[in-house]
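What follows is a set of structures to go through.
In the two complexes that follow, chain A is the common piece, with chain B as its partner first and chain C second.
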Partner chain A sequence: MSFLPSNIEISNDVLYILNSSDKKNRSNISKLGLQKIIYLANSFAAVKDIILSTIRFVIEKRGPYSKEIQNSVDQLVAFGFVDIDFQSNSNKKYSLANYSITDAGRIVVKNLLLLNKEKEKSWWLDLTTRLSIIYSEQLELDEKSSNKGLNNIVKLVYQDLSFIDAKENGYFRSSIDLKNKDSLSFNLVSFTKRIVESNEKLKNKNEYFIAEHVVITLFEFLYSKYIDSKNAG
Partner chain B sequence: MQDKDRIISIHYNSIYTRLLELDLPNVMPLEIKELCHNLVLFQRDESYQLNIPKEGICLVINFEKNYSTSTSRNIFDQSWISEKASNGNLLLENVFEIDKMGNSHLDKAEAGEKLISPVEISNFSIETSSCIIVQIIGNSQTIYFKGRPITDIPDVFSLNMYRSYNYKIPVSEYIKILKKYENYFEKRGRKSIFWKSKAKYLLIDSPEVHFIDDMYNWLCRNVSNAQIDEECLNASSNDRLDVRLTELTSGHLFIFEVKWIGKSKGSNYDGKTAFKRAISGVIQLENYLNEESNCVMAGLVLYDARKDKQELEWNKHSPWQEKIHFPPFVIALNPESSSTLASEKSRKRYKH
Partner chain C sequence: MNLISLPEISEISVENYSLFKEDFNYKFKSGLNLFIGANGLGKTTTTSLIIFGLIGFTSPLDKKFKIDTDYFASRATVDTDISPPSVEIIFSVKENKFSVKRNLITGDIIHLIFNGSDYDINEYDDLILLHTNISDKLDIAILLEFLLIREEEGNYLLWDFQQQSHILQILITDIKFRAKYQKAFNEFSSYAIENNHFTDTNLSKPRKKLRELEGLKEEALKSKKSSKSVQDLNKELKIKIGKKDKLISEKKEVIKTIEYLISTLKKHEGDEILISAEQSRISDKIGDYESVFFSGIYIDDRTKSIYHKLKHYSICMFCNSTLNKETTKNIINKVERNHKCPVCESGLKKEESRKVDVEQLAIEINELEKEFNALKKREEKILEITNKKRIEIQTSNLNLDRITFELNEISLDILEIETKLKNLTSPEDKLTDYDIEIRLIKKNILFFEKELKNRKVDEEKLKSRITKLNNDLTKQVNSNLAEINKIFTNLSKLYFNESCRLEVASKKIPGTSQVRDIKQAYYVPYFDEKMRTMEKHCSTSQRIFLEYLFRLSLLKFYSSKVKFPPFLVLETSEGAFDLSSTKQLGNSFVSFKNDPLKLILITNFSKPDFLKILAKGTKSKKSILNYLDFCRLNNGQLEDIKQYTQIITDVISTK
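Now for the complex of A and B:
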């Protein structure tokens, strides 16, 4: 009998995100929040040529969704690396679940981080998670917000250029191609990176510093687009 | 109507950009972003709003330390300020040293220090050069680094002091920009940050540093299409330009030299020396223009803190270079309140 999840790469990604949120005293992450953080991490991966596992996202009612992620999370719960903190089926449309990392999950993360390749992935997902937490809290200040906590990050994901493109040109449950180098998101990342790297004031900074600044700029772009769309609507 | 999200975003970004430019050692952009987030949320939070300290608080943020221990308190926790206020501690002390995550240094917090005036804070920030100092008074927030205010948010809930993007002024309309700055400075000039003794018309030591910062911060909030730099190097010499605006589309430069006349704690440029001092700024601009071929306009911004503000005879200096704006922009500093100034004016007008 195997105690390994079927897609180890995605499972590791999930554990890194839950570990990052745990360290920021955010005890748990919702099902929706988890999906969207992984989507953003994939959408911006070209910032530092991060190699993440190939995940197929499709257009669902509440933005991009991947069944593979949910399967991995369910398996992590079954193996005891992740806890479900709250689950309610009162809303028949979708179940509400919040996930948190267990002690066993923390030990797995600690061991994984002994590998250099994993360190970089963990740093990348930590960066995306912490920024998602910041922007969710910022978005939660809006009294009209119906979302709670990290669920608010969905508002930024709706502004992602590849998602908008796939939604306008595709159909319900059609897939979003995040690896396509001609995609709008990929071009935006390259453009932003070029502008930031040409800034004289940052020329002595290392690649991680530049990458963090580029990702912050990209989040700010999505946030700014969200404000514009809210005001226009 | 001001959009709440837009207000938050603009405040966050203004702090983030300035802190990033400080080039603090071993501090990453994400840590700066989290700090900006915590600072703005702290001030907007209900627990702060219900317990606003009368004399404000000063957060000394030490980027080189980590004060996280099992017993340390995080000042960004909502309960921290309520507890401090209910214990009456905020009346006795208002300086709290924290690390970049907000964990407080307990020994410092117990020292019972108080810093209130901008001059005191400015001097304190020279002593603690590895830290930034955040002064929070009511809804305003000013950040000091190495003796200088690097950001100044007049109200975290409002953009009234900012112009929204559509109403910002393009740099090519620099005369309008300077006129608006002059109007803004009319009230600002009474602030104690600039004065050692208002009664004696005595400015603080090296006031030009504060004038440059003040003008720079205002321009950042009001100019639409330019990169704004303060105290930056000239293109091909070691001269420092006080304020430089680079038009984003054309790359044209607009440079300003800041000078002051009057009396300060260490210098006296009043009476006959005033004109000499002022014109030295024009000569400096002439030298800059010889090196900066991209410059389309150079202007002298003269802060006049004299009690007797006699007209300066600019025509005495000739020839006046074409690219140097004539006459220079003169910003008057008056320590008296509006009502005192009004009575003075009416007394002069109707003395016969």
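Now for the complex of A and C:
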């Protein structure tokens, strides 16, 4: 008997993120957080030419959103690879769903990592997840923040150049093209990569190490922008 | 063979001629006749008087003759009151006797007696020509002036080959020959001259004119098309063609390069296709493996354990109730035998129940992945090469385009230049003002060339006629040689030189080119093993001696052929002779004492011994004419008169 998800790649990505969070003892990841981590992972994918499945993000009320991701998560929950935990917010107007990986999910991840390709993807999503957690916690400290935990990552996503570009030039629910090599995000990544790679200290370091530096720089960039925008009003 | 008949002189009478003191008359005797006189007494005039008496003034017949119309008038004062000075010659031609008296001043015949009867003086010329059988009065004059009568400083027949040939033509050939020969010769030479004139007028001059016109035409053409620009264009054309050739070879090179690049590119593209095919094969395989892999992974062990619970413990997977064995068996059969879902009875996929070894599969996928990446790297490398080649091809193609463009440009330029050149040398440009005239002249030349060709044929006919006659003459001269030599060598042996004889030589006639290759035969003396073809080959005495012997031989030969012997007048030139040769000369004349030929010798007093020898040859006193008897002596001569008289007395006394 099999429970094969309709989109294995996205399901894999979701499991990797939840697994990463699990390892970090952050057992829950919000619906919003999951969307934004995958968005950032896709937006920065050019750092290491990571080939992620093409996900169609559209501009929603709270940043970029993909229906495909939500479908996959729902399937994984149904098949018992992911657990769902509802939490009512402080106003109790609506409940927030948090997700965590199950044992069956952990076994799936364990087996997936047998493939080198999947290992790399896993590393990439793990990196994005970890940094997202770190910056979310940082952002949560913001006095005005009404968000909890990973939801704060949305503040950084709002600073993403592709998102801004799509938002300014597009319309509600218009899609964001993350694979466009002429996009501002893509150019930013290339530029950042060049700057980081030219650092003498990083010479002779392995490519994953360098890639991590580039991603950190990119997160720092988004964060700086967020700070700037916050200060600007 | 019929020969001409030479006149035989019998008597000369001179009247009223003031050169002489008194009239005189002499009757010629057969054999030797001796005329003796001092210088300046009229000895030479006597020879002229004989010629004049026979045919009148000779100079009007031909300028080479000396007896012109005032010959006699200039030598004496003429008294118009008395009867005119005259000479009367009595001579015979064969049996016919002529007596002709002429006025020395006017040259008119005063009276003519032919065979005893008075004749119309106007008939004289016809009569004499008729009876001598000589065709022309000029020929008679030639015979008299150059053969029968020789003055002291007279001509040399032996070395004047034209004169001699002329005389031979008249004297030793058939009577009509000279006339035929002369006619043919004249016709031929005049026709040749006419043809020359014809060529000159109708061909040479027009040809010269044509050359001039063609030169002018060329000049006109030159200035018309300004040859400089043609030259420049040709130069330009040459350069352009050179460039074109260079471009063509360059194009060939580029095409060769492109072909080479394309062939290597094709090879790499072939590799590329193979690699991408391999890639897609591997990628497909990976896809297949992954789908098995993923489906193997996403199997929930819990579902297995639920089914296990039913199969082995007959406990319901949903509500944990214990089922009877029959129900359990039915459900298990549904799944395992009929491959149907126990709940909805949908068909189950058979392989799903198969246990998947994900670890092994992962290894294989990773291997395939590695292989795929390696191929990708190779593909990238090849792509790099093919891109490079494509760029090279593109560059070469651009170069080819450039060359082709330049070639087209240059071809157009060449076409333009060629058109210009063609226009510059088109037929219309070759027309000049001279063309019509040139065409006309050419046409005329062509016509006259044709005409000349016909004329040349006629000329050749005439030429062959004269050549034939000339050959006849040569034959005659040759056939007579033996006989004449018999006489000549006899005389020569006795009085001149033992080895001397005559030989036949031939010379081209000077004159127009047309007659120049006709050779006339004549006699030349030969002695001491040398042919004496020129006067200077002999000394003066030898020359004179040979001349006398030749004339005598010729006339003796002639006399042997005819019934009536002629006469010969020689004014001797023994002054140049030394003693022995004078004697020899004298003796040679003496040998003619009994000859039928009338030999008249005119001498002076310079060599009395010579006169004495000669006197032996005379038959009587009457054979001697003494000029002292009737001539006027000058003062010097009057002083010597006693000596002269003594010599005459001595000479006559030998008789």
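Worth a mention:
In the analysis below, the second predicted complex is superposed on the first by the 222 of 233 C-alpha atoms of A that agree within 3 Å, B and C clash if a C-alpha of one lies under 4 Å from a C-alpha of the other, contacts with A are read in each partner's own complex, and residues count from 1 in each chain.
One rule holds in what follows: a residue touches a chain if its C-beta (ideal position, glycine included) is under 8 Å from a C-beta of that chain, and two chains touch if they have at least 3 such contacts.
In this text the structure is predicted, and so the values were computed from the model without any measurement.
Annotation for the three-chain superposition on chain A: chain B and chain C fit side by side. In the superposition on chain A, contact is made by A:Lys201 with chain B only, not with chain C. Of the two partner chains, chain B is the only one touched by A:Glu137; chain C is not. When the shared chain is aligned, no partner comes close enough to touch A:Ile164: not chain B, not chain C.
Contacts of A:Ala104 after superposition on the shared chain: chain C is touched, whereas chain B is not.
When the two complexes are overlaid on their common chain A, residue A:Leu184 makes contact with neither chain B nor chain C. Using the contact criterion defined above for the overlaid structures, shared-chain residue A:Tyr223 touches chain B, although it does not reach chain C. Contacts of A:Val58 after superposition: neither chain B nor chain C is touched. Minimum Cα-Cα distance between chain B and chain C in the superposed model: 25 Å. Chain B contributes residues 3-6, 8-9, 12-13, 16, 20-21, 23, 28-30, 33-34, 37, 41, 44 to its touches with chain A in the complex.
Across the complex, chain A is touched by residues 290, 293-304, 307, 352, 358-359, 362-363, 365-366, 369 of chain C.
Partner chain C is touched in their complex by these residues of chain A: 1-5, 8, 11, 79-81, 104, 107-108, 111-112, 114-117. Note for the complex: chain A touches chain B at residues 127, 130-131, 134, 137-139, 141-142, 201, 208-209, 212-213, 216, 220, 223-224, 226-227, 230-231.
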